[in-house]
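You will see two complexes here that share subunit A, one where it goes with subunit B and one where it goes with subunit C.
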Partner chain A sequence: MAAADSPSTALRRRDLCSRGIRLAGKMRADVVDLLDTYVEQQGLDASASVAAVEGVPLAAVERWDEQTGTQRLLENLAAYRAFRALLAQMLEEQREQLGEADAGLGRALAAVLLQVSAFAYHLEELLRLESRGIPGEEGDGPPPPPRLSLFEQKLRGLGVLRELAQWAVRSARDLRQLAKPSPATGTAPGLAESP
Partner chain B sequence: MFSRWNWVACGFCLVLNICSPDASGGLVQSCGHIIPESPVLALGSNFTALCILNESCLDFGNIYANQIIWKIKNRVVPKEQYHEINRTVSSVTFNDTSSLATPLTCNILADGQIEQNIYGITVTVGLAPEKPKNLSCIVHQMSRFTYVMNCTWNPGRHTFLDTQFRLRYSWPEELFPDCIPKGVNNSCTVTDIQFFVNTVIWVEAENALGKAESDPLVVDPIDIVKPLSPRNVSVSSGILPTVLKLSWENWISDAVMTLKFNIRYRIIGDTNWMEVPSEDTASRRTSFSVQGLRPYTEYVFSIRCMKEDGVGYWSDWSEEKTGITTEDQPSEGPSIWRIIDESHSPASWTVHLMWKALKPFEANGVILQYEVTVRDKSSLSCPLKKYNVTSTNYTLQLPKGTYEVTLIARNGVGASPPSVLLIPESNSKAPVKNLRTLPKHDKLWVGWTAPNSYVLKYVIEWCLVSSSSDCIIEWQIALGDVEGIDLKGIKPFKCYLITVYPLYADGQGSGQSVKAYLKQDRPSKGPTVQTKKVGKAEAVLTWNHLTVEEQNGFIRNYTILYKTIDGNETVVTVDPSKTEYTLSSLTSDTLYTVRMMASTDNGSRTGPDFTFTTQKFGKGEIEAIVVPVCLAFLLIVLLGVLFCFNKRDLIKKHIWPIVPDPSKSNIAQWSPQVPAKHNFNSKDQMYPEGSFTDVSVVEIEADNKKSFSEQDLKPFDLLKKEKSTSEGHSSGIGGSSCMSSPRQSVSDSDEGETTQNTSSTVQYSTVVLNGYRDQTPVQVFSRSESTQPLLDSEERSEDHAGGADSTVQRQQYFRQNGGQDETNTDRPCFERTKQITHANEGDLVGFVQLQVSGQSSQPLGLGMEKNTQEAALSNVLQTCTEGQAVRPETVEENPLSVDDMPKSYLPQTVRQGGYMPQ
Partner chain C sequence: DSPIQYERVGADVTMKCGSMDWDAAVTWTVNGTDIDESHLNGSYLILKNVDLSQSGQYSCYEGSSWHLKYQTQLRVGTPPKEPVLMCRSNNYPKGFYCSWHLPTPTYIPNTFNISVIHGTKDMVCEKDAIPKNRCHIRYLQLFSTVKYKVTLTVTNPLGKNYTTATFDEFAIVKPDPPESVVAKPVPNNPRRLEVSWQNPSSWPDPESFPLKFFLRYRPLILDQWQHVELSDGTSHTITDAYAGKEYIIQVAAKDTDIGTWSDWSVAVHATPWTEEPKHLTTEAQITETTSASTSSFMAPPTTKICDKGAVVGSGAVAVCWTAGLVVAAYSVLFI
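Right, the complex of A and B next:
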């Protein structure tokens, strides 16, 4: 984090954090709503337990309150970039499966995808304010997932959405942490706050 | 010649060349073309076009660039704008494209002045798009999860060209699909809106002449949201009577935005909204308790919301919901007043108590009943009297005295504070002063000056004054510290009687009254004027006051307008209290038209016209004329009577001469022979001369005949002149004339016409031809015009047409004449003669009594001879009998007794030359 924020930078960061927090909140609400729709549309059980999906970053983290702001931003950025790819793949698969028959689900997925993209943009902007380089996206992106069966695709989609909902909560807390004024040098981690 | 044919051939070839199909191109091969092809030009710019001729046309058509003519829509472009670049290219330049039109053609003026079109282009002139301005966007919430963003902008001037507008928006790393307006060029709606990311929004306008972009609008769509108004609004009453709880649901989730609210409410039926303070509802919530409401009042609520931070737009107001607060005990006691009727008994009152129903905000519920308590303050021992009343008035019969009336209104929750009214025995306290009114729009302000004493409150009574119904009193109570109130519900153009009573703690002041109008108008009709009395130069006009309904205001004055038919109108203003006025200085015997006008402050109204005619004579003038005339007449009559009275003997002498009774004449006494009968001749019995059978004959000396033959006719002329009214001469019908021939005189009386109108007159002629006895007879013809009804018997005989009555008639005749009985029918004549003779005793020698017959042309006399003397005498007699009552019937009714009747009365001897006025 920059040693001394200019007032405009601080204002900009506060604005980005505030907006990111609200976006994360809306994203969570939308994802929750989308989960219901998705479960219903895909014929899944809402209580179905889904194992960790490969390529999906986990929101849960140990020593969360010990993370620095930059670290938080980087983890969030990585996660949302992954979600962006996963959601785009889900959207494509959903179109292939249902065509235009369920445009509502497709629009909802697209909306969430947009929000994920927007949140990633917020994170990148915050990193720029932190005078940190933005890590480039990995070349061609993550390795293409193995070919999955249709049911496995549905389960993976359910897992992506559930994890995204978790990440939305965590991201809001991370940004709140970042929005708080730095205690001293700015290199110190943010205040401890349990997710 | 050859040259001409050559040109014709070339022209033909040219046409063929132009029109012949081109194997490589279209159907027509043009001899040239224009550059640029169909340009789009900016309005007001300059423009140059080139017309390039094909080389082939040069050879065959022998045409060159200098022959090119430019035309704009059939209008030749001035050659000054041409420029021949080379022999195949001609240019034209326009400094201002606004003068251009479509099409722009390039033409050739071929030989023979034939104008041939080479090529044409379409020129489009327009404007480049302006930069769109005033871009603004609103995100409308359509449903719980659906938001659309509608952006509007000002597209700028009209470009005259097809201009595309596009709304573009993007994130820093992502460009969204453009929004293309449909049917409009100033707005577009975006459906996929993502919040919490700053979005760059701008508008692009593009046409053939250029492209323009608006300034970018960078906004997070969440900051321009207009949310849906809260739904499922409900109102519930709480425990407190002044609180209502408002509940609702929000459309928008807290994750998207937190909301603040705005609550408004009003009493149903009222139009003014009240708002809950915004700071009370500036946080997220789904319910709110509105406090400070009126008990038992129905309220209408509505709510709206917007983003909590105030960035964005308020939603529309929600649907209205109503709720009623619960009841509370009445907050005020009813206003109470009384009307006291003292007319029934001098010792007691009829007290009409009346009070006003509490207003809803005072009643705080449904008033179930009123409790009236009356306490006689003049008698401490008198118990309280309580009455429970459900209406708003109550009538009591009370002895005169001082009373205290207490009124309580009670609803389902409790009772109101008591209202107390003191009814003193007399209103002995000081009244208000300077009571006045002033209209204020639709209210009537009543003001007064307070008395010096402290006044608890004032009671203002008012009622609509009507001529047809009683004054229905309305009233209102004002606090004691005010000196004026506004009366509501006052109708314009109506008269109100307003009375103000001051109420003191220990009594009441007398009422002061004033009449007032809220608004005045001119009277609805004018007074009807009429005359009470009309004289020669004055007229008393009367009229009735207009009824209060007709006045429409205070009558300030009456105006009398009167005029003659052709005269100027005279105007008289009369005090409004009067109902009578006397017009003076009028012209006599003149028709006047009068009308009357009543005036208020706001106008006048004229009544109907009334006409009257002044009299020709004034009062007493006729009396002044008639009375003296009558008196003069009476005086003349009186004088005449007195004169006549004084001269009565003379008058009587001339008018009523004494008719001598022949039966009492002297000649009757001495005549040796009294005719047994004498009768009148009938018409058809003519007796020849000397056929007298029953005649008393008095000898008359024959030598005297001549002496009165002519000269004695003169008196008959005199008689003719003087007639019967001649004073002193009428009776002197010329005895002398008769003296000539008594027989003639008798015969002359037979002329019928002379006797028609002399029925009541008996004429006697006495001819005295001889001296009496030894005296020298005096020729006297004595005539009597007496109207003495000697011949009444003749009148009565009219009824007896038969000859059998002739005897009776005759008897009556002679009875009347002489009063003799039948057996001595001749005597009356002679008796009468005797009377005359007696009156002229010694002078009368004889007489001939003539009875003039009415219609008979036969002489009544006996042995009449028809000679000239007879005729003359007859004429005289006719004249004499004019105007005298001669009964013709006396002749006609005795035809049967003609044989028995004497044919004539013989003249009797009268002293020669004498004349005896009778």
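Right, the complex of A and C next:
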């Protein structure tokens, strides 16, 4: 059972949501630019279909409009934590592959990684506001994936960035849902749990 | 009902008179009119290089008895060319629709069949009653990177053809144009026009899926448009209009994050407020007006104090500046 929002909580939530929406918008624009650079520099075909890669959180969701606020926050947080690890790995692979030859791509990757981390933190703030326990991150993370060939690494990178671009759009929508005041109780819709 | 026979434009058609022998004496008619014997080869009717005008009911009668021996409906047409298919979501995130047409008519009945696949999943596109060449799909998933593949097959008695369209969820999002666009002059501001509009009614949830807008305007006498992009809100004040010039104004909409711009809205016209000339027409007209409205600052719309061309705006705001002064002066006297 959730208590009705205090005015300051509601205000803080709206503030966090609107900042989060702006963060998500900027992140998406940067990921889309990064995708163009990545495709070009990795010599990939932009229209290549990439099968769902293990460990990459899919943005696709059924019954999105029925999700509760808590579900939205938790799913977003899990996704961006996963992206944080995946981008860090991509950065590592990038450095191994090309060293200094492709500093621009490396810098762009690092910038997006920073935004992903910032967004994850932002989501934690929102969860704290709802007095939700923040799920701990798994100890050392998932076991290291099998070593992929260079080409497989590139394709996986493409998959990661594409899903991240989708997530950035979804996150903005999720936060707008969260920011909507619920008419009856004054709490954001879906954040009040039924007893 | 006689059977229907479909033939291609330009084909040579031979019709047999039922079971009659080749050398039987027969008469052929088309839509009740006798056909000249020059088209006959024995009892066979020969139509060379048929065209559309030769569609009709063909009947064959035995010579002497005038018994009807054979009848057919000839329909001349063409096999279908590759159809034109368009899919669009104007009600995101509810779903999308696909509509289609043939680039050239076939002149005979066509059947359309549409299939939609999302990844490996078959989806059902529900046909609309009106218009007939349209179907709609509800999104089962949102934010998917998996593309949709739509295949449209068109079949008629003379052949078939098909086309496919492949797209992702975001790419086909295109709202309908904004509605109820209104442009009004701003009193006492000769360079301003106030424009307002509404979200398209087909857009289901503008709060969660806000639209941004693009306004364009120009004076009728110029070809060059001015553009303004607005990230939110459904109104805007133009502040650089040329005084006294009639403007044409349109608005377009787009989802803030995805998809493409809508078509332009219906155009509205407006002219900025202009100051009235200081002279008045006759004393008699002033008296007539002021006795009718002693406590109001507004002259009734039918007032003749101003020349028609000197009155700007519409409805209650339509007022001659100097007439208003005169009325105000008289009102003060009566208080």
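For this structure, a couple of remarks:
Criterion: the second predicted complex is superposed on the first by the 180 of 195 C-alpha atoms of A that agree within 3 Å, B and C clash if a C-alpha of one lies under 4 Å from a C-alpha of the other, contacts with A are read in each partner's own complex, and residues count from 1 in each chain.
Just so it is clear, a contact is a pair of C-beta atoms (placed from the backbone, for glycine too) under 8 Å apart; a residue touches a chain by one contact, two chains touch by 3 or more.
Everything numeric here is computed off the predicted structure, so don't read it as measured data.
With both structures placed on the common chain, the touch criterion links A:59 to subunit C but leaves subunit B unconnected.
Contacts of A:111 after superposition on the shared chain: subunit B is touched, whereas subunit C is not.
In the superposition on chain A, A:41 contacts neither subunit B nor subunit C.
Residue contacts after overlaying the shared chain place A:173 against subunit C, while subunit B stays out of touching range.
By the document's definition of touching, of the two partners only subunit B reaches A:19; subunit C does not. Shared-chain residue A:121: touches subunit B; no touch with subunit C. Once chain A of one complex is fitted onto chain A of the other, the partner contacts of A:33 are limited to subunit B, with no touch recorded for subunit C. In the overlay built on the shared chain, the residue A:76 is in contact with neither subunit B nor subunit C. Within subunit A, the residues touching subunit B in one complex and subunit C in the other are 25, 28.
Subunit B makes touch with subunit A in their complex at residues 145, 171-174, 192, 194-198, 220, 222, 253-257.
If you check the complex, the residues on subunit A that touch subunit C are 25, 28, 49, 58-62, 64-65, 162-163, 166-167, 169-170, 172-173, 176-177, 180.
Across the complex, subunit C meets subunit A through its residues 93, 140-147, 170, 207-210, 257-258.
If you check the complex, the residues on subunit A that touch subunit B are 19-20, 22-23, 25-26, 28-30, 33, 107, 110-111, 114-115, 117-118, 121-122, 124-125.
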